[in-house]
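Next come two complexes built around chain A: one with chain B, the other with chain C.
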Partner chain A sequence: MLLSDTVFGMLKFDLWPLPPPEEYGNILIDRTSSKHNVKPVTFSHWMHRTKYTCRVCHFELAFAFNTNATEITEEDNKNGLFCGACHNGNIVFGHTRENCEKCHNGDISYGREKFTELKEKLPKAPYGNEIDWSEALQKGTIKPKYSIYKDEKPLDFNKLLELRAEWSGISPAVFPHAAHVPWLDCANCHPDIFNIKKKTTKHFEMKYILDKKFCGACHLSTAFPIDDCRRCHPKMR
Partner chain B sequence: MKARHILYLAVSLLICFLFSLVYADTFGTKKKRPKPDEFGNIVLNNFSEKKSIAPVVFKHWLHRSKYTCRVCHVDIGFAMKAGETGITENDNKNGLYCGSCHNGKEAFGAEEKQFSGDTRKNCDRCHSSGKKVEFKYDFYTFRKGLPLERFGNGIDWIKAEDQKLLTLKDQIEGISIKRKKLTNPKEEMLSAKVPGMPNIIFSHNKHAVWNGCELCHPEVFGVKKGDTVYSMQDLFNGKYCGACHGSVAFPNDDCQRCHTEAVS
Partner chain C sequence: MPSQDEVSEMKKRSTGLIILLLLFMPYFSPFASAQSWIEDFDNICAQAEVADSLPTAKLKELALESDKLLGVIEASDDPRKKVYIFRLKKCRNFFVYITGLRETKERPEPRQ
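Let's look at the complex of A and B:
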């Protein structure tokens, strides 16, 4: 079975099913909620990324890239960690009784009306939220905060990498640091996901990307999905 | 007999399969980051479990709130890697390592006489790994009122000291020599190797307060500029700056804290 998986895995790609645009990037966090008879938390990436860059939560606040992998507890939130770093009643609504349902609602498409409203104002894209977030940021239509601790600016690092494909006949992928740097920090990707020395990252293949590794850490469920082949492999016919 | 062979084969195949799963998860994904209260905590287990005692959990945050790094890592002689010192109970009783302070004078010892005349055993306060221990100091209570910072313990240790919220001891009677504070050591500009990457400003000043010269020179870094050649990958592997930055001092994740000088 393992062998057949490996062989067929190389011949076909099972793309992840795409939810409707208003649900793309929404996750239900249910590490301990249901066990405590509380509804799971709906976390909406589209809502948060209009105000904060990926880096604020995944770099400064140490949220993992996999749902439920971060051991968030009520106590942590009250100690100002994780959600509690902002959801404290000062920056944004706090972790209090009257606010429970705003997060603990178990509704994966929570806030769909707001999404429709937002989508109209932002540049379009073919997949995911059907919003071109990069363009929205570049044009200043959205102004997400880069840091909640410091007066920092994105690193002026715009090296464009051309990554040769593993298979002959597939055009190379391009990786623009410039498009990633305004959202992310170096340490979001380096050195855990990608090594810092070019061509030293091992097993960097499409089948692993589809297993949420490498680019797949973001580009399956949150950043534009890899259904959009030509956005990375621009010369693909 | 035959059935048993098949069973062995099946079990070993299963083990191989499980190993491959574990291995498969180690690349291309982000590692978990410790929580602020866990950052810099190390487990010392050279002899503990062999003697059926819980291993020691050493908390850097608690100790660095009272003493400079130098006191333990230079004067007392603790290694920079957990377990490398090989501390024994006898050492502690002879006043070495932990026993330099944990002797009932500078800090609590193994046993304490109470006012009531009873003896209180303090074993659990250090040998706490895997145990539920009611500690004297709670991390988040301690952190309240201190200037916050991202990463590591989430505390701006330098600012906390500047604001006199913490006063660190740099000498222990009978162990340290009396020394004057280093004044105005030089700031060093180190050039980054990758084009477009901002250069590094290394502040001798910030480091000397806690470490003196001797914690880094000449073993971790040579004394002549340019003689020690290292790469960022070396730091990620726990060498050079990575000896402290990553496990105890703020982690290497915080790129822009060192790479500050934009190259035009």
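Let's look at the complex of A and C:
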């Protein structure tokens, strides 16, 4: 038995329990809905990321990464902001009375049948949605838009970072910019999540990641979950 | 009862008035004042894409310009301002971040 196995076997993480694949990355947005006797909005990351990169919503449309942190109002949507940028009746179904239930249904597994169909067509992964989204993008199986306003393209930036593990015996973690840049804007992560100048990456430990810091901002609930140890620690055996 | 000529004159006047209103409406709409800051926003945020290749002095200038523009947008009553404030802050902070990386020598100044 390798030392890494032994050491890793002793490590106990309170990993977040994973929901079923069709619910992974689904959120219920309920900033004010329930207070107004309206069902919360269900939002499926898997459904939207086939058409749009994370950047479109989390940069161009100004949705914060944290659920319910963005002040979305009905008026905003009608003014073409947030969901209303696409849900306007032209690009996709609009913010009209007959469509209320499509979003305001409070059902975290809404669209599960569509998910099953989609999953069949996409590369497999062991955790999360059980879909390898990066491979799907790389192979062109999905072609999500990088921008809805301009003809912008992702940066050609492929610096691979190797981060020494905090425990001896655990192989280093790798961070491939190349896998992230096609989905995100540099400003999505820098400096809010990763800020070298403030030396916050000195505290780049699993306990912080599990507290939704650093990689945990996405890799606990939307991007492949950290249960998939070897995707970040590829030399781990 | 107005005569045929008077009716026709009234129609002409109201048509003229409608045309004038339509011509000048954009200047009175809440979106009108936003046009200039949206242009400034586009110019500034477009630099975020190439920030890594810009000299540090330019990055610092862009961060200052962002701060000024944030004040302008915040004072606006355009309903879109919250989206633009969010994005501009991200661009501004990214310029500051790259500047910081250079100062900590994590990233060299680009060759000009």
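Here are a few things to note about the model shown:
FYI, the second predicted complex is superposed on the first by the 220 of 237 C-alpha atoms of A that agree within 3 Å, B and C clash if a C-alpha of one lies under 4 Å from a C-alpha of the other, contacts with A are read in each partner's own complex, and residues count from 1 in each chain.
Here is the rule we use: a residue touches a chain if its C-beta (ideal position, glycine included) is under 8 Å from a C-beta of that chain, and two chains touch if they have at least 3 such contacts.
Bear in mind that the values here come from a model prediction, so they are computed numbers and not experimental data.
Overlaying the two complexes via chain A brings chain B and chain C into a clash.
Of the two partner chains placed around the shared chain by superposition, chain B and chain C are both touched by A:Asp76.
In the superposed pair of complexes, A:Thr50 makes contact with neither chain B nor chain C. More residues of chain A lie in contact with B than with the other chain of the pair chain B and chain C. Legend: residue contacts after superposition of the two complexes on their common chain; A:Asn158 is shown touching chain B, with no touch to chain C. Looking at the shared chain after the overlay, A:Asn26 reaches neither chain B nor chain C. Shared-chain residue A:Phe65: touches chain B; no touch with chain C. When both complexes are overlaid on chain A, the residue A:Tyr208 reaches chain B alone and has no touch with chain C. For the contact definition in use here, the residues of chain A common to its chain B contact set and its chain C contact set are 59-62, 64, 71, 76, 79-81, 152, 155, 157, 185-188, 191-192, 195-197.
Residues of chain A touching chain C in their complex: 59-62, 64, 71, 75-76, 79-82, 152, 155, 157, 185-188, 190-192, 195-197. Here chain B touches chain A in the complex through residues 17, 27-33, 35-36, 140, 148-151, 154, 196-198, 232-233, 236, 252-256, 259, 262, going by the rule given at the top. Every residue of chain A that touches chain B in the complex is listed here, in rising order: 2, 59-62, 64-66, 69, 71, 76, 79-81, 149-150, 152, 155-159, 185-188, 191-193, 195-197, 201-204, 208, 212-214, 216-217. Per the touch definition, chain C reaches chain A in the complex via residues 48-49, 51-52, 79-80, 82-83, 86-87, 90-91, 93-94, 96-97, 100-101, 103-104, 106.
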